[in-house]
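These notes open a run of structures that come right after.
One chain, chain A, appears in both complexes that follow, with chain B as partner in the first and chain C in the second.
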Partner chain A sequence: MTSFAQFRKNVSEQPWELWARQIAAILRMDLRKNFLSSRGIWVYLLAFAPASLIFLHAILDRAGSTSIRTDTEVLAGIFQFFYLRFGIFFGCMGIFTWLFRGEIIEKSLHYYFLAPVKREVLLLGKFAGGVITATVTFCMAITSCFAIMYAHFGQAGQYYVFDGPGMGQLLAYLGITALACIGYGAVFLAFSLLMKNPIVPALLVLAWETFTPVLPTLAQRFSIAYYLKQLCPVSVPAEGLLALFTVVSEPVSTFAAVIGPLVLAAAVLVLACKLVHRLEISYVAE
Partner chain B sequence: MAVYKRSYKPYEGAVTPDRWRFLVLTRYGFYGFFDSRLFTSAFVLSFIPFLVSFAIIYLAHNATIRAMLQMRGPSIDINNYFFLAFLGTASWVSFLLIAWQGPLLISGDLANNALPLVLGRPISRTEYVLGKFLVIFSLLSVATWIPGLVLFSLQAGLEGHGWIWSHLWLAGAIVIAAWMWIVIAALLTLAASAWLKWRIAASASMFAFFFIGPAFGAAVNTILGTNWGHLFDVLYSVKLIWVSLFRVPLPDAMAMQMLGIPTSAAWTAVLVTCGIAILLLNRRLKAREVVR
Partner chain C sequence: MNGRGQVTGDREQGGSISSAGAFGSPGRVIFENVSKFYGEVLGVNRVNLSIPSGVTGLVGPNGSGKTTLMNLMTGLIRPSEGRISVLGIPPDRPEELFRKVGYCAQFDSFPKGATGFSFIYNTLRLHGLDDRESVRLTDESLQRVSMTEAAGRKVAGYSKGMRQRIRLAQAIAHHPTVLVLDEPLNGLDPMARAESLELFQALGKQGLHVIISSHILHELDKMSDQVILMSSGYVVAEGQIHSVRTEVKEHPMQILVRCSDPNLLASRVFAQDHVVEAKLNEDGKGVLVRTRDADAFYLLLNHLVVKDNIALETVAPADDDVNSVYQYLIGSENKTI
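On to the complex of A and B.
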């Protein structure tokens, strides 16, 4: 039997159905905890804060002093500078570092570890829970920003969204948000397994993501923001000192920009699976 | 003496005066900080900006050494910009230290239900906060305004010719600017520490406060077409106040985009931030425990 056939046989013999059921069970528990606990209120506040501002703008701008083009640029700026750079980053940091560290703080991780569940399955279930929580929250927030921004233009706004480029832009924003949640989520999950205090490395990641535009193209390719920016439907020119030193890199194809964060997330998750295998619970140390 | 003959004897040593008992908390706060070797090393490294600035001032006044080191070109002008840059760097470095270790100060007491035990002793809630506050105040002082004044004295000594009298306002600016920053950092650290029992969450919330505030402020400015969004950015307010304290000329302040809001509004934003932090502390620190 060839090695490939042996591999296929091994794969087909794995209890996939059981693992899928276990992941679904973990997912249910985690989604209930993530969405319904009062601890998660700050994520909603963070995500929906710009929506409240846009609502205020819609009320104040009843006279229609701004154009759709201006507001599209404003929305693009908010997406790139608020959501992508800070909102989703800190939201994912809070959600994904809590997945395992939170169980340690609440002294409940041993229940999972004592159950007949493979640790890799547990990790994937929790990661899926985190991705769904973060993606749904931020996608809803961005959709509400989008809806409020164009609703106050009345017919013209409706035309822009449904018969113009609006819907495509919204779908692009939602896709980028999902990719950002997957990419940053995997990184923060791995950090939370690697060290007790993942804040310092998280800040280094933030610095890396902020300052990679001034680095050579090769270094930029190791940043999640590099791929996500390429997917943004409306480009917003950088301002300030950073813009002076920005290295304009060759754009990558849409396929590569989508695959980039996914490959990074997969690689980090493989590492996280190894880390969770070695994880020892010490409730005293937290 | 046989054991059965030993009876209770009250403590007869010197008693700490009532007024200074809260300093016990400060002392133990320091022990907690410097228990970590990593923190101690980082604290020592936080003096690098001071040492670099010290060397720059020395070199600026010593043409012989500059010639020995083959340093050409004009020497660095030691003026208000220099001290502003030093204070900015030192404040950021020290803030990183405090954000990392500071949340341990109160969260430990709350997580282990030790607060009623501490407040059961002759220490009031205000003294408790003051004791913890002094830990951060002392550490940040050692890293910011004290070295700032040392640099000022060095510059005054090397420059001579009455430089100290013509630039005395600079010493006042260093002290006021640093104290304002220390009060903000300390109160925010204590509030985060009191509300978030998990130290990592407390550290993260502090960083988030300083990073998301500017982002939200920028969003307010962009959407509503105003400059008042800067009020949500405490760092902007701090920078604005510093620029006015260090008497940065108007064109330079404009170049630094530091004219968005009036200085009085920046002071108000800082005071409101401190007030909210005190309110949060007041709400959280109670000498009782609710068991559900």
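On to the complex of A and C.
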């Protein structure tokens, strides 16, 4: 039997159905916790803060002093400077570092560890719960921003969204958001298994994500923002330090830009699986 | 005693604890030269055990390593050295281990917002069971610990005893063959305690491995087929209580003999070298004998009964229990547990 055939046989022999049921059980528990916990309120505030500002702008700008083109650039700026670099980043930090660390602090992780679930399946189930939570939250926030921004233009705004490039831009933003949640989520989940305080690694990752454009091409490949910037549908004119957030010095194809964060996330998750496999329950130290 | 009780004889079910055993033996919980260090702090050191089915009591003062031993066998922590096998399964394979093992840990914490029912139900769903089967097993386990009526209430509002029972229900819900219970009687009222003891004994008789740590020695004594005594991270003694007691040579065995002529019996046995003390019981109907060689004493007693025509009512060891063994082996180091 060839090694590929052996591999296929091994894959088909795995208890996929059981794992799917176990992941569904983890999701059912975690989604309720993630969405309804009072601890997550700041993530909602972070996500929907721009929507309230745009709403204020829409009310104040009833005279229509701004153009669709200008507001499209403003929205692109909000997405690239606020959501990608701040909102989604820190939102993911809050959601994903809490997946295991929160259970440890609340002394309830052992209940997961005392069930017949492979630690790797547990990690993937919790990761999936985090991705759904973060993606749904930020996609709803970005959709709100988008809707409010173009709604105040009336017919012209409607035409821009449904007959112009608007809907494509929205879908691109939502896709980038999902990729960002997957990428940053994997990174923060792994960090939460490595250390108790996520702030220091978060700042290091933020610095890495910000300054990779000035690093060699190979180093840039290990940045999630490097890929996501290229997928943004509207370019934002930026100068000076702000250009660090928008400039892509060595662009790759759209396909590579989509696959890149997924590959990075998969690699980090493999590392996280190894970490969770070795994780011990020691609540005393928390 | 150099810290180790030799164990002999077979138990009705599954034999007895022994230091040696084929690693990976499917019917036993085996520790092979297991040590656990928390940084520089010793958890347990060089533990060798082979635990058969039945009820096994884990006894020792706070910090002696009981919980560490239980956490090691359930994979919550990993050994620094050595190997562990639970019915042939290493603890780092939870997907196999917890089909057979239930662990009622000492952590008095629960998932936020959980009700008694949802706490057990969610665990069973993690096993991969469908809704119907999970509901059935949840109801069954709630019934076994008499918690059906309170099942819909939030665990946060439970008394300590109720929280203890709900954790026990969660540990037994999937019908494990190895049940590990860390201080399961803590916080229980006398009624619930008696019910729990009955349940543990019944499970032990069904051929399950029931491994229980407890501070309540006389209750542990009632239900345990065998004991593991721990002190400062070391296994001090292990085996059937009687066997362990026999090995405690520094403390002569106390045997209470009730007979027709206690005065005569006392004078006869006192002449023997191995008898350290023979005193009349307070009620005047028996003799409490302290001997260094119980077997020799029993032979002598047979001889005297025939020779002096003494009618025996009862012959019973007076310090052949967990409490006495504990006091002899550990009590001098740690006055309280």
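The rule is short, and it goes like this: the second predicted complex is superposed on the first by the 276 of 286 C-alpha atoms of A that agree within 3 Å, B and C clash if a C-alpha of one lies under 4 Å from a C-alpha of the other, contacts with A are read in each partner's own complex, and residues count from 1 in each chain.
The working rule: a contact is a pair of C-beta atoms (placed from the backbone, for glycine too) under 8 Å apart; a residue touches a chain by one contact, two chains touch by 3 or more.
These figures come from a predicted structure and were not determined experimentally.
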{"item": "Which of chain B and chain C A:T254 touches, first, second, both or neither", "value": "neither"}
{"item": "Touching partner for A:F113 - first (chain B), second (chain C), both, neither", "value": "second"}
{"item": "Chain B versus chain C as contact partner of A:S235, first or second or both or neither", "value": "neither"}
{"item": "Chain B versus chain C as contact partner of A:Q6, first or second or both or neither", "value": "neither"}
{"item": "First (chain B), second (chain C), both or neither touched by A:L53", "value": "first"}
{"item": "Which superposed partner A:M29 touches (first chain B, second chain C, both, neither)", "value": "second"}
{"item": "Touching both chain B and chain C, residues of chain A", "value": "none"}
{"item": "Complex contacts: residues of chain A adjacent to chain B", "value": "46, 49-50, 53-54, 56-57, 60, 74, 77-78, 81-82, 85-87, 90, 93-94, 97-98, 101, 105, 196-200, 202-203, 206, 286"}
{"item": "Complex contacts: residues of chain A adjacent to chain C", "value": "18, 21-22, 25-26, 28-29, 33, 37, 106-108, 110-119, 121, 277-278, 280-283"}
{"item": "Residue ranges of chain C in contact with chain A within the complex", "value": "38, 71, 74-78, 92, 94-99, 103, 105, 107, 109-112, 122-123, 125-128, 130, 170"}
{"item": "Sites on chain B touched by chain A in the complex", "value": "99-100, 197-201, 203-204, 207-208, 211-212, 215-216, 218-220, 222-224"}
